[in-house]
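What follows is a set of structures to go through.
Next come two complexes, and both contain chain A; in the first it sits with chain B, in the second with chain C.
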Partner chain A sequence: MIDYHFDWSVIARNSGKLGDALLLGLWLAVVSLLIGCVIGLLAAYARVSGKKWLSAPVWAYVEFIRCTPLLLLIFFLYFGLPEFDISFLDKTQSFVLSLSLYAGAYMCEVFRAGLASIPKQYVEAAKAIGMRPWQRQVYVVLPVMFRITLPSIGNNLISLFKDTSLAAAIAVPELTFTARQINANTFRVMEVWLTASALYLASAYLIAMVLRLLERRYASIR
Partner chain B sequence: MAPGTFLFEAWQARQSLLSGLGVTMLSSALSIVMATVLGIAMGVVLTFGWWWLRLLARLYVDVMRGLPLLVLILFTYYGLALFGINVPAFWAGVIALGAFATAHVAENFRGAVQSVPAGQMEAAKAIGLTFGKRLTHVILPQAVRRMLPPWVNTALEIVKGTTLLSIIGVVELLLSAQQAMARNYMIIDFYLLTAALYVAINFTLAQLGATLERRYSYLRY
Partner chain C sequence: MGVQDDISSTEDQGLSLERRSLFGLGLAGAAIGGAAAASLLAPSAAQAQTVAKSKLYTIKERGKLIVGTGSTNPPWHFQDATGKLVGMDIDLARLLAKSLFDDPEKVEFVLQGSDARIPSLVTDKVDIVVQWMTVTAGRAQQVDFTIPYYREGVGLMLLARGGKYKDYAEMKAAGKAVTVGGMQNVFLEQWVHMALPEAKVDAFDSPDSAMQALNARRVDASMQDQSAMRWLMQQAPGRFADSGFGWMPNSYASAVKPGDPTWLNWVNTVYKEAMLGVDFDYFAASYKKWFGIELPIPKVGFPQEFA
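Let's look at the complex of A and B:
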């Protein structure tokens, strides 16, 4: 075995930094999920609209994003957008944009499945009592779809949270970047990565638990 | 083709781009093979193992699925060196990717096995097959068909995950493209080229998966 002496004081000294980094990661994931939900909802409606000129570009967008590595998208937007004179985004905003676009494609598929799984009778019943098209969507389709898709949205939140680690590649000071920095400064490899792993695991479980509570509250339709 | 045009620069960089593409494919293939073999073994343990073995496997799967892949890769890369195992970045990356995907395949496999109706296992027991025979002749053929769609998804995730190896300095497709960009500053063109290559690989894989699914779509009862 190796001769490695654990020295946890390095974690204690940097605990504030690590905490901030973790919160930044969570915040990035939540913001990206919210923007992704908006993109995904619009895209899903475009997909089911039945109009070729609407659904074909959305199909291309979804397939492109799902077949491209997220890291490539992050680099492309971060280094590529300034070439088009779009340079007002700082690295965090640029990362949120990439993650939102990425999330949007996945949410589009989730919402499309959700829209498809709503019983036709619901819409027919809404028609029968004289609701307008937008009323049918807002009062009948969307609330039901939200409940059906809640578990998938939750899974997406967790995987987006894990994907925020890629922000380290463009030096956004989230958990992975901070851990790497501390690692580079102190070379306490084991302590730093064990702590970062534990923080990621604990947060993922915490999110999962909160989501399970939410699901129990909302997921079933009584 | 004049110097400075995209086609010229891409042709100039063809050697490194192709070798990058090769590294991407090789690392994906190695990780997928490793994950499939170990993942199915771990899936069997997860479903049929003794309780303490099942607990260990469950712990492994949950930890792997709760960690970001990048953290895993960095941990493996820096951590293995501490144990005096001097692995090159490529192998550290493949080990991390494989370990990550093993957990996913194991979970897919468990889901597939549990979706095989219990009657199948009972019938196999009733005609006196041993556990090994029950597994290889009854459960596996049905479970493998059911786990095909998620398995293809995991394979796509792996191909996309190999880009993370660029962070520990493996010159795979993304990093080789970035090296080309560092020479000629044609950022947009080269990122689009790289994206097109990834889309080509992944789209082909997805279509291949869909064909296999149609061909071996699971038996209905």
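Let's look at the complex of A and C:
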């Protein structure tokens, strides 16, 4: 096979760095997903509100994000905004904002579908027992919708976690950046990328397992 | 680098021989007119190989100089807007051609990567390498270096306006508050910390990202090769400033195949006279064009040792 002498000691020497990098990536994905869910929920309500002045800007936002590469958004917030004298976000914060805006657009579509799939009878029943509009949303619509959309939220988390690798482009020390850094210093390319791949795979799979458990526990409402 | 060069030079023995015998035939052909030369060289290609004839005369007979260089590193060797190969290295190569044939166009450029610089000399693919070659003791065991024509080093480039720090002293005083950007490589952190021991270092994966990080004030300074910094300052006048501190010196020189003192000495003569003698104006104009710096006229009226 290939004539390459593996030297795994480089991984042992850098295990602390790689561990920190992995945790940072997970943290970036989770925080972005949470912020993205908030954005997505508000956006989804705006989309279904039936008011043009509310739904049109949200439509534009969602389509813009969905139709441009995430890397451009990251570059724009990190390199572009300071040109307009907006530079209070550091590299990690500006990446979290990019990923949140990105997640928000996708979550908007997920939640919109979720809202649309709630049986009319539920809302009518809530009306019949005299619930106010906000009560109907909080006690009936949202709990059901979250359970329906749980698998999609999970998928988005895994995909966001993989997207954190793009943070390497703006020197955020997550897993891809750290792997490159170690490569540059040691030239042990195979060992480092194989390890990074294994870490991505294991983490994403672990997230998927946890989500499957959650789904089993909660998604059985219908 | 060293290991690879060794491999290439041994592997290319065959190639080198083939090239030489071709060259012998070419000579024999050229010598048909001159009976004396023909009787010396014609008998066999193998014999031609043993005749110690300097490359200088081969080049004169060929009518053009063959130069190994690159095409992707401004301001040394790169393509301008019209696709023409330009730069400081290119100017030096053209000066050699001008000195040989009184025509700066009588030069053929062989574009090659940095890793091909030594192999292409050893295998006679080029007459000389003019490709920002750093002089090291290891390389000097495989090729003969000419006298250096530039002392490279690294420096810290700042924004001329709107940056937090004005010069190196201010950055040094600011300690941990400073962030320096640069291209991701083995030495980035080590080199930055030689100049600014406490500075944070942001590594970017491409030169344009590293540049834009400075433009966007994401980093306070950008570590660059001294020559690249001068080139960038020259390209966008008033936008960037040199922090005034340079370190990590290394010399750029041309290299020729070892064992040809006549050719080496001729190139050295041209280079020296370009920097200090008859071709100073040419060298200074080129220097000004690529680095934006006016070289002072060498002190006249004395031997060089007293100037």
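The rule is short, and it goes like this: the second predicted complex is superposed on the first by the 219 of 222 C-alpha atoms of A that agree within 3 Å, B and C clash if a C-alpha of one lies under 4 Å from a C-alpha of the other, contacts with A are read in each partner's own complex, and residues count from 1 in each chain.
Quick note on the criterion: contacts are C-beta pairs under 8 Å (C-beta built on N, C-alpha and C of every residue); 3 or more make two chains touch, one makes a residue touch a chain.
What you see is a predicted model; the values in this text were computed from it and never measured.
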Exercise. Who does A:Y200 touch here: chain B (first), chain C (second), both, or neither?
Worked result: first
Exercise. Which of the two partners, first being chain B and second being chain C, lies in contact with A:Q181: first, second, both, or neither?
Worked result: second
Problem set entry | More chain A residues in contact - chain B or chain C | B
For this session: Report for A:K91: first if it touches chain B alone, second if chain C alone, otherwise both or neither.
Result: second
For this session: Please work out whether A:A169 is in contact with chain B alone, chain C alone, both, or neither, and reply first, second, both or neither.
Result: both
For this session: For A:E83, decide between first (touching chain B), second (touching chain C), both and neither.
Result: both
For this session: May I ask you to decide whether A:V31 touches chain B, chain C, both, or neither, giving the answer as first, second, both or neither?
Result: neither
For this session: Show which residues of chain A both chain B and chain C reach, each in its own complex.
Result: 79-80, 83, 168-169, 180
Problem set entry | Complex contact set, residues of chain C against chain A | 181, 184-186, 188, 202-205, 209, 212-213, 215-218
Problem set entry | Contacting residues of chain B [partner chain A, same complex] | 63, 66-71, 74-75, 78-79, 81-84, 156, 159-164, 166-167, 174, 178, 181, 187-188, 191-192, 194-195, 198-199, 201-203, 206
Exercise. Considering the complex alone, what residue numbers of chain A touch chain B?
Worked result: 2, 4, 63-64, 66-72, 75-76, 79-80, 83-84, 162-166, 168-169, 176, 179-180, 183, 189-190, 193, 196-197, 200-201, 204-205
Exercise. Taking the complex as given, what residues does chain A use to touch chain C?
Worked result: 78-83, 87, 91, 168-171, 177, 180-181, 184-185
